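Both complexes shown next keep chain A, but they swap its partner, so chain B is in the first and chain C is in the second.
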Partner chain A sequence: MDLLNTVLQGVLVGGLYALFAAGLSLIFGVMRLVNIAHGDLIVLAAYIAMEVIKLTGLPPLAALVFVVPLMAALGYGLQRAVLNRTLGGDLLPPLLVSFGLSVILQNGLLAAFTADSRKLDAGVLETASVSVGGLSIGLLPALMFATAVAVIAALQFMFYKTALGRAFRATSDDAEIAELMGLDRRRVYAWAMALCLGVVAIAGVFLAIRSNFDPFMGPGRLIFGFEAVIIGGLGNLWGTLAGGVILGVAQGLGAAIDPGWQILAGHVAFLLILAVKPRGLFPRMDG
Partner chain B sequence: MAQFTYTRRKFITATTGLIAAPAILRANRALAQDGVFKIGFVAPTTGPLAGFGEAQDWILAGLKDSLAGMTNNGKPVQIEIITKDSQSNPNRAAEVAQDLILNEGINLMLTHATPDTTNPVADQCELNEIPCISTNAPWQPYFFGRGGAPDVGFTYTYHFFWGLEDIIANFTAIWDASGVAKKVGGLFPNDADGNAWGDAKLGLPGPLAAAGYELTDPGRYQPMNNDFTSQIAAFKAAGCEIVTGVMIPPDFATFWAQAAQQGFAPKVVTIGKALLFPSSVEALGDRGDGLTTEVWWTPDYPYSSSLTGVSAKDFGAAYVADTGKPWTSTLGFSHAIFEVGLDVIKRAADLTDKAAIMDAITTTNLNTLVGPINWANGPVKNVTKTPLAGGQWQRVDGKLELKIVNNKQNPQLPVTGELKLLA
Partner chain C sequence: MSDGLVVDAIESYYGDFKALHGVSLTLKPGSVLALIGANGAGKSTLLKSICGLVSPKAGRVSWRGRDITGLRGAQTVGLGIALVPEGRRLFKSLSVEENLILGGQIGRPGPWGLARLYDLFPILAEKRHQPATSLSGGQQQMVAIGRALMSNPDLVLFDELSLGLAPIVIKDIYAQLPKITGQGMSAILVEQDVTRALNAADQFLCLAEGRVSLSGAPRDHSRDAISAAYFGT
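On to the complex of A and B.
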């Protein structure tokens, strides 16, 4: 029973990692951009949510109605104004620019909100749970996991069933041919980034409900996101969810042996998978 | 706004200052030149430790009258207090301490708020031979964390606070009085505090076993943990009715939410560090009510300020009235550090002579807002202790208040509430 519980809670934590990683995976899939600033954008979303709640008095999850469009608009603008200028044959310039963005975001947030740590209050949702066959499942972790699945399912649907998704896939496969067919690569990328930051907004709000946040915690949270993406195979959305779950379960099992092993066990699982399947478990999405 | 103001120009100025330090130092005898005695004060006002520095402006404003009337051996003396923000960062604390010593030419250093602030600042002072008084950090990490040897100690740096042995005495006193099963779950992170508290020889395990408590310690977890399932399972399996530990607020929030989600309901939860500030307990909502912790100081302490004569009660009330914020356990210490510093200035035989200032520090015998300070009776050289009590956060008229529920170790402190069990 204990083992089952450990695995179950690990799966739920995996949902959190997948939520962090979904946007990262999407962006890499479409434009081969490794966004170092992803974690800082999550923290930015948390601060925006905090401000929205201060202004409107909405509960945190309802505040998503404002935070998601705001972040999406920011993503569209960011891609058109900054990141599009860096995309080209070379992987390095966009990487460096996103690194710079990360530094700017951290210090901008520090200047605007000080380094005090904050938290969003979601009331009973934070501690409520349901009991299933002797196992207790927290509502918030369950909701987070369900959200991660829903977000990935929605992204998947969008990728394979809509015109926008077709444009994403076409641009991803061969940007130049896609442009010959009348697609504007810059606009496609901008929409991808808008979508990515919409997902980031959801991740940010959940993060802020779950525990405290401050301007510098983005990169620390990012490492598990990156690992989830790489375990699952770069650019594969369902793979990212699987990666998050593997990471969460590995950490849970490690902690069951000794809490000192918790983080290490996750990294070991990551290394093992890299050693056996260097491109991840489910590499590359196939159209 | 604009907390981050370390520009290139400032950096160049600071660096130039450092390079030119030997030349400046020879010329810089601040007190002799202009008759101003300079106090350097390093404390965190931003970052995770900002709660410690929250009251700083109010404390300094309250010192104005005392500073204006300051005398040294009956002669008026002009005092300037130069404050620096450590940004909750030990490297930054060392940097600003160095700046105060080398560029501002301070005569006395005061500092407080966790070993992350006191240790780097005290180390800089010891190195540069500047008298330094500190507080708001348990004495073991301050003393042993800086490589102090009990028989040798330090020359220029002195500290007043309580220690780990007082925590243990008060925690076990709370549990003894609670009457619950003597089974304790321990949550110790893999950081300086967690390793000290969980240490088999110097930490909690030894004294707890001696007092008949069975400690379940699953091991050191990494701070900023996402999942406490394994700890909760271990506590459940061992039938723990008490949970203790030294945690940062985000980790305790994660643990306490998961404990509720996974149906673990201990009767007494006594945690160090995470439950210090009313704001972090308030963030836990209804689940903050009934948590127990150590009490550093409250307005119920039977002491008064040596500077203003104001009692702890009136001092706390004035803070609440002026700022609209609840009082904190660190408030008394934030004031007491200046009481001790100014007392030294009052008594020193010669303010231009470092040895005379050190002499005044070591012979301190002062009744402050947090209790008597006298370095003659400390556990080791350079350290003296203030009284600690056992407390519980209780909701009174919708507001969380820290009540003293156990005074077994220090009967001179008043008990202000009765211990309630959580479950």
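On to the complex of A and C.
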């Protein structure tokens, strides 16, 4: 029963990792951008949520009503003003620029909010749980997981069934020819980044409810997100959920053996899967 | 002349490499120009310079009296210019029908729509839910033509329609061409097969190493003169 419980908690935490990963997967799919600042943007969303809560007194999840559009607008602007200029040639410029952005965000947050760790208080939601057949399921992890499933289903629908998704796929296939269909790639990329940061906002708020956060925890979240994307297979949105779950379960099992092994076990699982399936479990994209 | 296409002494570059050295042409509405020349002569570059994928550094492109030099591809399509690119370049993660819909998504009014296209190329209706790149070469070329027509263009730039296609398929596609250009639409036709291109056109322009080596009406020049211009001799 203990083992089953550990696995279940791991699965649910995997939802959070999938939320870290979904946006990364989307923008890599659309514009081949590896955004090193992704984790720091998650942390930024947490701080923005904290400020929104201070101003409005809303509970954390309700604050998403403001945080999601704010982050999406930031994503649109960031892409138009900065990241678009780095795309189109080598892989290196966007990597370096987003690395620089990561450093700026960390130090900006440090200057604005100090290194003290913070947490968002979601009240009873944090401790409430239901017991199902001897297993105790926390309400917060369950909600996190359900949100991840809903977000990924929505992204999947958008990507394959809507005009916006068609524009994303066409621009990803051949940006030059897509221009001739009236799709200005600078704008298409900006919409993709807006969506990505909308998801980042949700991830950031859940992160901040679940655990303490400080200005420097972004890179760690980036790694979890990356690992989930790669395990699931590049270009596959549902794959990010599978990747997140595998990561979550591996960490849970590692922690059950020895608390110090939690993070390590996740990385080991990642490396093992890469060794066996270098393209991830469910690759969708070539190259 | 303000109602057609006027290209005036354009110079286009790839980095430091100059691909077009002052190329000019005029195209009246409703006419078809055959653009011929050896490999690397600059034919594709000329088409790209017209539709906005390449921005000329000097000279001027005007379309219906409006200066369109340096407009982006996303803008020229709205003015009625469409390209059927060399090598087709269909969107591989889109179905046949999605490729066509995307071609028409700027919403320019005109005679072309899905129904009319499926009339022209019935096989595409049958395969409309398949991934575009799963079709045969000839069928893919139909999708590429259809995708361009869906924007209801007034000028279509065809880059190597017959590249990599079986002779019988080429014949089929050329048989459809009058139905496409017969609507007062202008066209520029790039083709390796000079005879085929000249037969389908009412004027021609021959490029050699980025310069115009000969132009005029096909009947005004001997085959020898044209082939000398083609090889740049």
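By our rule, the second predicted complex is superposed on the first by the 283 of 287 C-alpha atoms of A that agree within 3 Å, B and C clash if a C-alpha of one lies under 4 Å from a C-alpha of the other, contacts with A are read in each partner's own complex, and residues count from 1 in each chain.
By our rule, a contact is a pair of C-beta atoms (placed from the backbone, for glycine too) under 8 Å apart; a residue touches a chain by one contact, two chains touch by 3 or more.
Computed from a predicted structure; not experimentally measured.
**Student:** In this superposition, which partner touches a larger number of chain A residues, chain B or chain C?
**Tutor:** Partner with more touched residues of chain A: B.
**Student:** So, A:Asp174: does it touch chain B (first), chain C (second), both, or neither?
**Tutor:** So A:Asp174 only meets chain C here.
**Student:** Based on the superposed arrangement, let me know which partner A:Asn84 touches: chain B (first), chain C (second), both, or neither?
**Tutor:** In the superposition, A:Asn84 contacts neither chain B nor chain C.
**Student:** Applying the document's definition of touch, where does A:Ser211 land relative to chain B and chain C: first, second, both, or neither?
**Tutor:** first
**Student:** Counting contacts the way the document defines them, which residues of chain A are shared by the two interfaces, the one with chain B and the one with chain C?
**Tutor:** Residues common to the chain A contacts of chain C and of chain B do not exist here, since the sets are disjoint.
**Student:** Which residues, counting only chain B, touch chain A once they are in their complex?
**Tutor:** Listed in rising order, the residues are 1-4, 46-48, 50, 87-88, 190, 218-222, 224-227, 229-231, 233, 237, 249-251, 253-254, 256-258, 260-263, 283, 285, 287.
**Student:** Can you list the chain C residues touching chain A in their complex?
**Tutor:** 51-53, 72-74, 76-78, 82-83, 85, 89, 91-94, 98, 101-103, 105-106, 147, 151
**Student:** Which chain A residues qualify as touching chain C in the complex?
**Tutor:** 163, 166-167, 169-170, 172-174, 176-184
**Student:** Which residues of chain A touch chain B once you look at their complex with the stated criterion?
**Tutor:** 2, 5-6, 9-10, 13, 16, 107, 110-112, 114-117, 119, 121, 123, 126-129, 131, 136-141, 210-212, 214, 217, 220, 248, 251-252, 255-256, 258-263
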